[in-house]
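What follows is subunit A paired twice: with subunit B in the first complex and subunit C in the second.
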Partner chain A sequence: MYYDPFVLPFMIGLNILCIYLVVTYVRWIRSFSRADRHTILKNMISIKTLRACKEIFLESLVHHKIYRTSPFLGYMHMCFGLGWFLLIVVGKIESLVYHTSLFNPPYFAIFFRFFHPANEAFPHSNVFAFLMDLILLMILSGLALAWFKRLYSRLLGMKRTTRHRPFDRLILTVLWLIFPVRFLAESFTSGSRGGGSFLTHSAGEFFASFLPVESLSYPMWWVYSSVLGIFFLLLPFSRYMHIPTEMVYIFLKNWGVKQGRKFTAISKFQLYACSRCGICIDQCQLGSSLGLTTTQPVYFLKKIRHHEDYSQEIDNCLMCGRCENACPVDLHLNLLRLSQRKDYTHITKNTYTYIPAPRIPKARVAYFAGCMGHLTPGVIRAMRQLFEKAGIEYTFIDEQNGICCGRPMMLSGNYNAASIVVERNRTAILNSGAEILVTSCPICYTTFKENYHLNLKIMHHTEYIAQLISQGLLHPHASELRTVFHNPCELGRGNGICESPMQVLQAVSRPVPTKYDGKKSLCCGGSLANLHITPTQRSRLSEDALNAYLSYHPDVLVTACPLCKKTFAKNHHTVPIKDIAEIVAENC
Partner chain B sequence: MNNIWGFTISSARVIDYDKNDRSFAQYMTDTVPSSQLCIGCGGCTATCTAGALTDFNIRKLQMLVKRGENREAGEQMHKCMLCGKCLLVCPRGVDTRRMIFAMLKYIDNQKL
Partner chain C sequence: MNPMNVIIIGAGTAGCEAAYRLAKAGFTVELVEKECTPGGNLNNWFQLFPDRKQASALRQLLQQQVEHPSIRLHTDTVPVKIERQDARHYAMELDNGARLEGNALLVTTGFRTFDASRKEEYGYGIYENVITSVELENYFANRQILTSTGKRPERIGLIQCVGSRDEKMCNFHCSKVCCITAVKQAMELRELLPDAEILCFYMDMRMFGPGYEEMYREAQEKYNIKFVRGRLSEASENQAKQVVVKCEDTLVGKPMRMTLDLMVLMVGMEASDGSRWVAKELQLPLAPNGFIQPGDPHYATNRTAVEGVFVAGCATSPMNLTDTLTDARSAALAIGEFLNGNEHYN
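Take a look at the complex of A and B:
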């Protein structure tokens, strides 16, 4: 029997951690709604589980999404994730080959170098020793990068890093101690008894030349076991709770549990799955333009988790989705924020009785300009022109007495009020008998898709124009204009429409590629979701975004959202800002 | 005397500032300081989605709150659809939309 008292701190820590995790997760999973539990059971034994395993490998271990931010940052996270995982797995295999029993105690593999007398060779022992040293070296290189990141984060692709709580800094220190201590323990053992490979063996010989490694190695194993034990005990109360939680979350996500508008058990999983890596911080324009440093998702979630006051942060978010797009854990940051916004309007069925029942002429194509569309008559004019050019018969749903789509209300948490407005519009749209609903406003577009449950094709006008061109109904001529496209948040990131605007622009102009293309676009600052910043702050944000686009010196800045157009145009008059429909109409 | 000269004094139109509760107005000034910038041009009301269909009127709403006619303001409030057009047309940079949110929250707390 292999046993030594020094394994106790490790074993105690590990056991308490496992019990704590099982109890917590079972409690959370039990609070899922009946429908969610049903979904989980239905999808548990299916290909989705395998897909989740693949995702866990790629996300939790390789951290492949972080490579998009910076290869160094990705490598650093991979060293800890994949490195530690390999250390455990290869160590376990090594111990199995040596011991040949599957049920050797968990500490046996972890402290293998201590229990294994080095002179006793077993199959491939040299290969294993080499592999284990290689993996340890990989982790130590990651650790060096992590230290370096604390000093100079920019080289690892991050302008700002997360401000951690003192408790999290403590456990970070413990985590950083684990691997150097393991290295020392293995080196000292190797120095006194032999064994190890290129790293620990050479280091052992080096240390033995000036240190009493014989008497140091045993205490070092005690230290190693203790830091592991302390790490396990502190883990549930620190940000490292993300390590186990993220894996459970990936399973739940793949089994089809969705984050809704309320804060539920899946929200709790997401709250704890946030690793506070801080990648969202640089994405947030409230930080980069306005210097607001407490509202980024990492801090927002931190405040919820540690029960600090976050009432201001609830409202202070543009919901542009830039953070969500960059989040390596794939958290639904916008919905989490929204889940905290309370419904406080006193709306009854009668509140909106003033809205007259519209009489809509029937047609195959229905057009909805939206409130913001009506604020930019140029867009409507252009759309009318294009419909006529293409010979499309259409009906204009909100030509007169048009009302809001309801999304601004939803974004402020007032779902009750929104549901009434939604019902009104829905009736009007259905009465038109249309098969295709075209809208000029990406905000309306999102709502129509997500909340209206319409059984017809919903298209944003960029998609529709792209379709008309490809069908040969519109024949725009290519102009010599240099255009830069600002993809509205709700269109690009929100609905993934990045191709059609580019196709359309290529047909009518010479689009200039920018680093803000597609899902990396900037928020114009007009966001209706932010209920906190002042108009002055909005203008500053909008100016910064505009200048970023104008640094590419376009003849025209093109967007596809009337709100973005209006917001940009409000403070700027030298470079024309046009909607994509206007550009096409001008060149038709 | 009545109506000889074509004028009457209607008691219903007398606003007694001393009796009216100004706490709502004070709250609004505190939470949305930009509301004081309003020059009453009525741009917000002209563009208002709800205002096109009913007598909902942001300019008037502001006035009611400033005068302390809270009950009337409370009755009007909910007609707003929060679409945010008023915010974009305001020439003075009044945070009209946030003003509405502040009012809704106040009404929710006071049960007006």
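Take a look at the complex of A and C:
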């Protein structure tokens, strides 16, 4: 039996952690709704579980999404995640080959170099020693990068890095100690007894030349075991809770549990799965344009978790989704924010009775301009021209007594009020007997798709124009205009429509590629979702975004959202801002 | 000894008046104007409030004044470079190649009217029968009000606060003169169209000047102008090219909808491009609304943060003609004291 009292801190820490995690997760999972639990059971034994395993490998270990932000940052996270995982797995295999029993105690593999007399060779022992040293070196190189990142975050592709609580800094120190201590313990052992490979063996000889490694090695193993034990004990109360939680979250997500508009158990999993990597910080224009540094998801979730006051942060978010798009853990950051907004209006079914029910002529295609569309008559005029040119018979749903789609109320948390508006609009749309609903506003588009449960094809006018062109119903001619496209948040990131606008623009102009193309677009600053910033702050934000686009010197800045158009156009500028429908109508 | 020289940028109302007063006080003046004739925004106006005087009368007076032998007028040119050697020495290059030198600088770059197409929901530039208050003055000059389809309008709406007091446009300031301009224009409309319905949509009626409140009352009692308290929410165009507007009558608390044959947007004032350029060139601080910040709101309204550079008229804030003329004379006085070395306030 291999045993030494120094393994006790490690074993105590590990056991307490495991018990704590199991109890916590079981409690959370028990609070899932019946429907969610049913979904989990249904999907548990299916291909989805394998998919989750693959995702865990790619995200929790390799951290491949972080590579998109910066290869350095990705490598650093991979060193810790994959490195530590390999250290455990290869170490376990090594101990199995040596001991041939699957049931050797868990500490045996971790402290293998202590228990294994170096002169006793076993199959491939040199290969294992080499591998273990290589993995340790990989982790240490990641550690060096992490230190470096704390000092010079900009060089690793992050302008700003997360501000942590003192407690988190303590556990960070503990974590950073683990691997150097292991390195020292293994080196000292190797220096006195031999063993190890290129790294620990050479280091051991080096240390032995000037240190009493014989008497230092045993205390160093005590230190190593203690640091591990302390790390495990502190983990549940620190941000490193994300390590186990992210894996459970990935399973639950793949099994089909969805984040709704309420704060539920799945929200709790997400709260704890946030690693506070801080990648969201650079994405947030409230930070880069306005210098607001407490509202980014990393801080918002931190405040919820530690029960600090976050009332202001609830409202101070553009919900542009840039953070969500960059989040390596794939958290539903917008919905999490929304789940904290309270329903407060007193709108009833009678509130809107003064608006008569519109009589809408029937047609196969229905057009909905939306409130914002009505504030940009140029867009409506362009759409009318295009319908006419393509010879499409359409019915204009909100031409006379239009009602809001309900999204502004939903974004402020007022789902009950929104549902009344939704019901009225839904009736009007269904009465039109249309098969295709075309809208000019990406905000309405999102709501129609997510909340209206309409059994018809919903298209944003960008998609519809692209379709008319490909069907040969519209024949725009290519102009010489240099265009830059600002993809509205709700269209590109929100609904993944990135191809259609490019196809359309290529047909009518010479689009200039920018680093804000597709899902990387900026927020114009007109966001309906932010209930906190002042108009002046909004202006600064939109001015910054506009200048970022204008730095590519387009003849026209093109967008596909009436709100974006209005927001950009309020700035006094020489470059015209047009909707994609207007550009097409002008070149038809 | 040569008389001291003052450079004035902008020959609008303020520039002309200040130039004349400085010339009369014994200084020579270089007066720079980007247009072909002096007069500035006054050239676009037909009648003035509150006395309904012809704008051309005042314009002629100003133009006569700048014919003073001590005033050198440079029209159709703009400065391209301003050099401030010290508080009392300035050199300015014009785009026509001329180089001017002076001992003080007066900025009278005025205002620009708000570009109504930036407020797209009102349909300016999209709907045929939406015009601005500036264009309406032009109609008055021609004594004829017709819609785009050539008809006499039966219902006309004047829309207040277009680009002023508008949070969404980030123009928080009040342009001061649009309220009374609307009252004046509504009366002129009534004289040309005795049977038309004339409505004025407002947030507040700010009748700050002498005789203004009386004029407002007269407009309601004698001229039958309807004043509706409520801001326009949106406008659309119908088949007959009429403008269909939606708004809320906030005194009654009801949403309303009506058809207008002609819609007039009372466009507000913004800092002119010239003001912005000069401010940048001379590092003059701007107020949050974009106008040039005077040295002190009470004692140094004509001085700026840069010694020797003065400012007058609508370059500092929206003003009516009365105040602009007074401000120009005040600036002439301040410059005189500065150049003669007997300033009163520090």
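Assorted remarks:
Going forward, the second predicted complex is superposed on the first by the 588 of 588 C-alpha atoms of A that agree within 3 Å, B and C clash if a C-alpha of one lies under 4 Å from a C-alpha of the other, contacts with A are read in each partner's own complex, and residues count from 1 in each chain.
Going forward, contacts are C-beta pairs under 8 Å (C-beta built on N, C-alpha and C of every residue); 3 or more make two chains touch, one makes a residue touch a chain.
What you are looking at is a predicted structure, and each value in this text was computed from that prediction instead of being measured.
Superposition of the two structures on subunit A shows subunit C clashing with subunit B.
Touch criterion met: A:P535 reaches subunit B and subunit C at once. In the superposition on chain A, A:Y344 makes contact with subunit B only, not with subunit C. With both complexes superposed, B is the one of subunit B and subunit C in contact with more subunit A residues.
Of the two partner chains placed by superposition, A:L170 touches none, neither subunit B nor subunit C.
Once chain A of one complex is fitted onto chain A of the other, the partner contacts of A:R381 are limited to subunit C, with no touch recorded for subunit B. Shared-chain residue A:K570: touches subunit B and subunit C both. Residue contacts after overlaying the shared chain place A:I16 against neither subunit B nor subunit C. Counting contacts by the rule stated earlier, residues 354, 374-375, 535-536, 539, 566, 570 of subunit A appear in both its interface with subunit B and its interface with subunit C. Listed in rising order, the residues of subunit B touching subunit A in the complex are 34, 47, 49-50, 52-54, 78-79, 81-85, 87-90, 93-95, 97-98, 101, 104-105, 107-108. Within the complex, the subunit A residues that touch subunit B are 344-347, 351-352, 354-356, 371-372, 374-375, 401-404, 406, 408-409, 412, 414, 417, 421, 526, 528, 531-532, 534-536, 539, 563, 566-567, 570. Of all residues in subunit A, those touching subunit C in their complex are 354, 374-378, 380-381, 535-536, 538-539, 565-566, 569-570, 572.
Of all residues in subunit C, those touching subunit A in their complex are 115, 118, 120-121, 123, 126-127, 167-170, 234-237, 255, 270, 288.
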